[in-house]
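Letters A, B, C and D mark the chains in the order given here, with residues in each chain numbered from 1 onward.
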Amino acid sequence: MALVLASLVMLALLPAALGAQEGTGATAAAAAADPAWWFWPLVLFGMTFVMGILAAVGGVGGGVLFVPIVSGFCPFHLDFVRCTGLLVALCGALAAGPGFLRMNLASLRLAMPVAMIASACAIAGAMVGLALPTNVVQTLLGAAILGIVALMMRARKSAFPVVPRADRLSQILRIHGVYMEASLNQEVDWKIHRTATGLLLFIGIGFMAGMFGLGAGWANVPVLNLVFGAPLKVSVATSKFLLSITDTSAAWVYLNEGCVIPMMVVPSLVGIMLGSFIGVRILRVAKPSFVRWIVIVLLLFAGGKAITKGLGLPFIV
Amino acid sequence: MAIICICRGSKSGGRRLAECLSARLDYPILGREVLQEAAAALGVPAEMLERKMADRPSLWGRFSSMRRAYVVAVQAALAERAASGNLVYHGLSGGLLMRGAPVVFCVRLIAPMESRVRVVREETGMTAAEARGYIRELDASRSRWVEVMYGEDIMDPALYDLVVNLVSLTVEGGCAVVTRAIQGPEFSVDEDVLARLEDFRLACQVKLALAGDVELRALELDAEAEGGTVVISGEVPLRKSGRTGDRIVELARGVAGVRQIRLRVEWFDPYP
Amino acid sequence: MAIITISRGSLSGGRRVAECLCDRLDCPCLADEVLQNAARKLEVSEGAVRGKFETAPGLWSRLSRERERYVLAVQTALAEACTEGDLVYHGLAGQFLLRGLPAVLRVRLIAPLEMRIGALRAADREMSRQAAEDFIRNVDRDRERRVRSMYGLDVEDPALYDLTVNLRSLSLDAACAAIAEAAAQPAFRIGETERARHQAFAAECRQRLEESLSGD
Amino acid sequence: MGEHRTPGVSDEQLLYARILAVGMYTGLLTLLVTFGVYLSGAVEPAVPIEELPRYWTMDVQTYLEAVNQEYLHRDHALTGWWWLGALDRGDFLTWVGIAFLSAVTPVCFAGVVPLMVRKRDWIYVAIAVTEVAILALAASGILIAGGH
């Protein structure tokens, strides 16, 4: 069983690795050596399949992996990659949303004010991102990715943050909730504080999500958990739900700009969904901590690649 | 009274030391039988478990969750036997398996290569070079095992309470030294120590129950107990169904002796 | 009964264990006295001898024979002390100076870093935790380097000792009792043959020291 | 679905979840079906599949210009909702699924507004309406970024 899965992962990695190599070969060498039209979509499918697995096992949103890796190692233009990344993150969020909402893990009341701010800023971010020269966006993307890695490595989470008193704003908005906690065999009541600070932070988060086409789970969860003080479970689920709103607004901007190439979008979507389907099963046999390290190394690599590509410097691959 | 864990290179006289201590202190002795008990708890053949515990872990073995299940099972079997507060254990990595438990005394036995080679030659009739290679191989795979599973260096003296070198001392001498070392009040077993040992046993049983579940096996959940209250920690994917937490609690509740369960887990989002 | 050498990291409680052993076994307890004797032989100060042991050798002294002579002086002083019979030596490098000698119980005492930091801060209340940790790490590193360059060995290697005792869960008293038990083993009894060997060793050391001193 | 109700979950949240689930599944299905049509070649695409590698390396402006000049021959390059006019082409047909998925969220918000009005939860009505407006603004295509 373990061996089968391992070889499956290897098989999926193979085209990605091949693709990364041929990608630089193809761009560096003459266009005469161009592979057939189906080559890159297939590579994309393989890469996203692996990303789906990593996302599921390592708990890192597919969007965060998708944009830096695909833009770094495939010939696709960053404009299309960002849009595809947004759509990938959007679909993942849409798919998880109903379950989280029904289980009352994602909170609509918490998400709505946050989403209003984040989605407005995501639109602005998307517009700025499309107006800026590509190499600037690519460099900024690299810097953002490295920042995300730093955040992931020192992330400190709090299962049940202590919120002594709900603040005025959250009381006016009546943001509080309750969910069933099996371990305590009781319902956990939660409330939030520092609402204004948190909402301000979402201006930046929304902007970055729109600009780079990244999902923003890496930023949503810490802010919801550590600033607002929502329980970790609620933060994780609400963050996912939030993505479905933020990414929708940014996606429309990209859509209206015509950044959609279906031959990129659909293989990516199908790849990542199949990957996460397999990934959830792999979770039964592989350790998340190990995968977390793979993801961090991958992101460091992709971040470095994005910076060097943006600045026109040489890089290993 | 104490739980004496003997860690030794193969053919260094670990068994003789264990037998001497067991006779002198009148403690029960436990060796490889612990593997059989663990295998029975997991429902796998004992030979397979023995192999998994001894082999050098492969690349896949490093991130395979099954290996951890084996370790947890051995730990649980050992904790079960240690609950009374006196035991001489001379199996694999006792000190590391019993880490966190009270009144554990870890002894490492080292012997000069020549004497180990002599023992192997007497037992098997190998040539000196063969025997030397055999011992090196065994030592290397054991040390690799400890490194992979616990991130520790098996040679590091800081892991042990006492390292006995058999270059001048005899096994009987080592036995006398260990016997004397555990006479102090720090190894006396009172109500409190028994309660902590019981908690340790309980936590191991909970870990075993969780490690046996297909859904939870890979999550490497950790458990600690205090007075029957078990705290479970680890990283857990937040599924749409929301059932993972319930499943953990349900399994942990099924362990006899558990009074209360607290989940102190880090949830993460497994969806792309 | 035996000659016991105790090697320890700084602040590992070695002195107290040594004193406890001397009380229990009723034998002399040596450390600085050996250095003083050696200094007298060389006609230098005790600090100069200690300095040669406590700093890693510089390039010059690696080449010169000066350090060798200092080591020889300390070895001679210790060997002479051994001819008197049972003793506990908890000074520098005992396990190396008496290498190959029979009836010598070589003990290494170790303690967890936290415990040593606590001991240091208890002695010097002004010291911050970080400063204490840095100090201990520095001393350890120096010692490790020195032993490696002088003897080519790892000071932590348990194969160099008969017993390595960790004070993380053993009390000082228990450690002392266990070491005394080991010293009582027949392998460490000083009989006639052992005494003769000790005397021969001392004589040999003395002779080499004299050669070295007159060599200049 | 409704057989077991989690405690504390509000009506509007349940309604939102229900609309979301239906929308998401329909959207995904539409996307896959239209993509299948595109791949099968049943509907002639605007850009021949074999030619795609030439285009996806361009930035979006250049790409749209090129596609317009070489295949579509319209007055303007295709931005905003103008792709609706090119639904007879296989590749643009696929946009229907993508647009559907992107439209699920505003529909969900619009769907829960009446429930909130009934509860007189005016602040959240305002937020929901604003959210729909923001998303509609984004979708309208009024906001089009300047050129590179």
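The rule we apply is simple: a contact is a pair of C-beta atoms (placed from the backbone, for glycine too) under 8 Å apart; a residue touches a chain by one contact, two chains touch by 3 or more.
Worth saying up front: this structure is predicted, and the values here are computed from it rather than measured.
> Which chain has its C-alpha centroid at the greatest distance from the C-alpha centroid of chain A?
That would be chain C.
> For the chain pairs B-C and A-B, which is connected through the larger number of C-beta pairs in contact?
A-B
> Need the CA-centroid distance for the pair chain C / chain D, whole Å please.
Centres of chain C and chain D (C-alpha means) sit 79 Å apart.
> Using mean CA coordinates as chain centres, what's the chain A-chain B distance in Å?
40
> When the C-alpha atoms of chain B and chain C are each averaged to a single point, how far apart are the two points in Å?
35
> Could you work out how far the Cα centre of chain A sits from that of chain C, in whole Å?
Each chain's C-alpha centroid was found; their separation is 60 Å.
> In chain D, what residues contact two or more other chains?
Correct list: empty.
> Listing for chain C: what residues touch at least two other chains?
As it turns out, chain C has no residue touching two or more other chains.
> Going by the touch rule set out above, which residues of chain B reach two or more other chains?
Residue numbers touching two or more other chains: none in chain B.
> Could you classify the connectivity of these chains, where an edge means two chains touch, as line, ring, star, complete or other?
Graph shape, chains as nodes and touching pairs as edges: a line.
> Touching residues of chain A toward chain D in the complex: what are they?
On the chain A side, the touching residues are 34-37, 40, 75-80, 87, 90-91, 94-95, 97-99, 101-104, 107-109, 112-113, 115-116, 119-120, 123, 126-128, 130-131, 133-134, 172-173, 177-180, 187, 244-245, 248-253, 255-266, 269-270.
> What part of chain B is in contact with chain A in the complex they form?
Counting only chain B, the residues touching chain A are 60, 62-66, 68, 214-215, 217-220, 232, 235, 237-242, 245-246, 248-250, 261-272.
> Okay, in this complex, where on chain C does chain B touch?
Residues 105, 108, 110, 112, 156, 158-159, 161-166, 168-171, 173-175, 177-182, 184-188 of chain C touch chain B in their complex.
> Which of the residues in chain D end up touching chain A in this complex?
1, 6-10, 12-14, 16-18, 20-21, 23-24, 27-28, 31-32, 35, 38, 49-53, 55-60, 63-64, 77-81, 83, 91, 94-95, 98-99, 101-102, 104-106, 112, 123-124, 127-128, 130-131, 134-135, 137-141, 143-148
> In their complex, what parts of chain A are in touch with chain B?
Touching chain B from chain A are residues 2-3, 6, 51-52, 55-59, 61-63, 88-89, 92-93, 95-96, 98-100, 103, 105, 157, 159, 181-185, 217, 221, 232-233, 236-237, 239-240, 272-273, 275-276, 279-280, 283-291.
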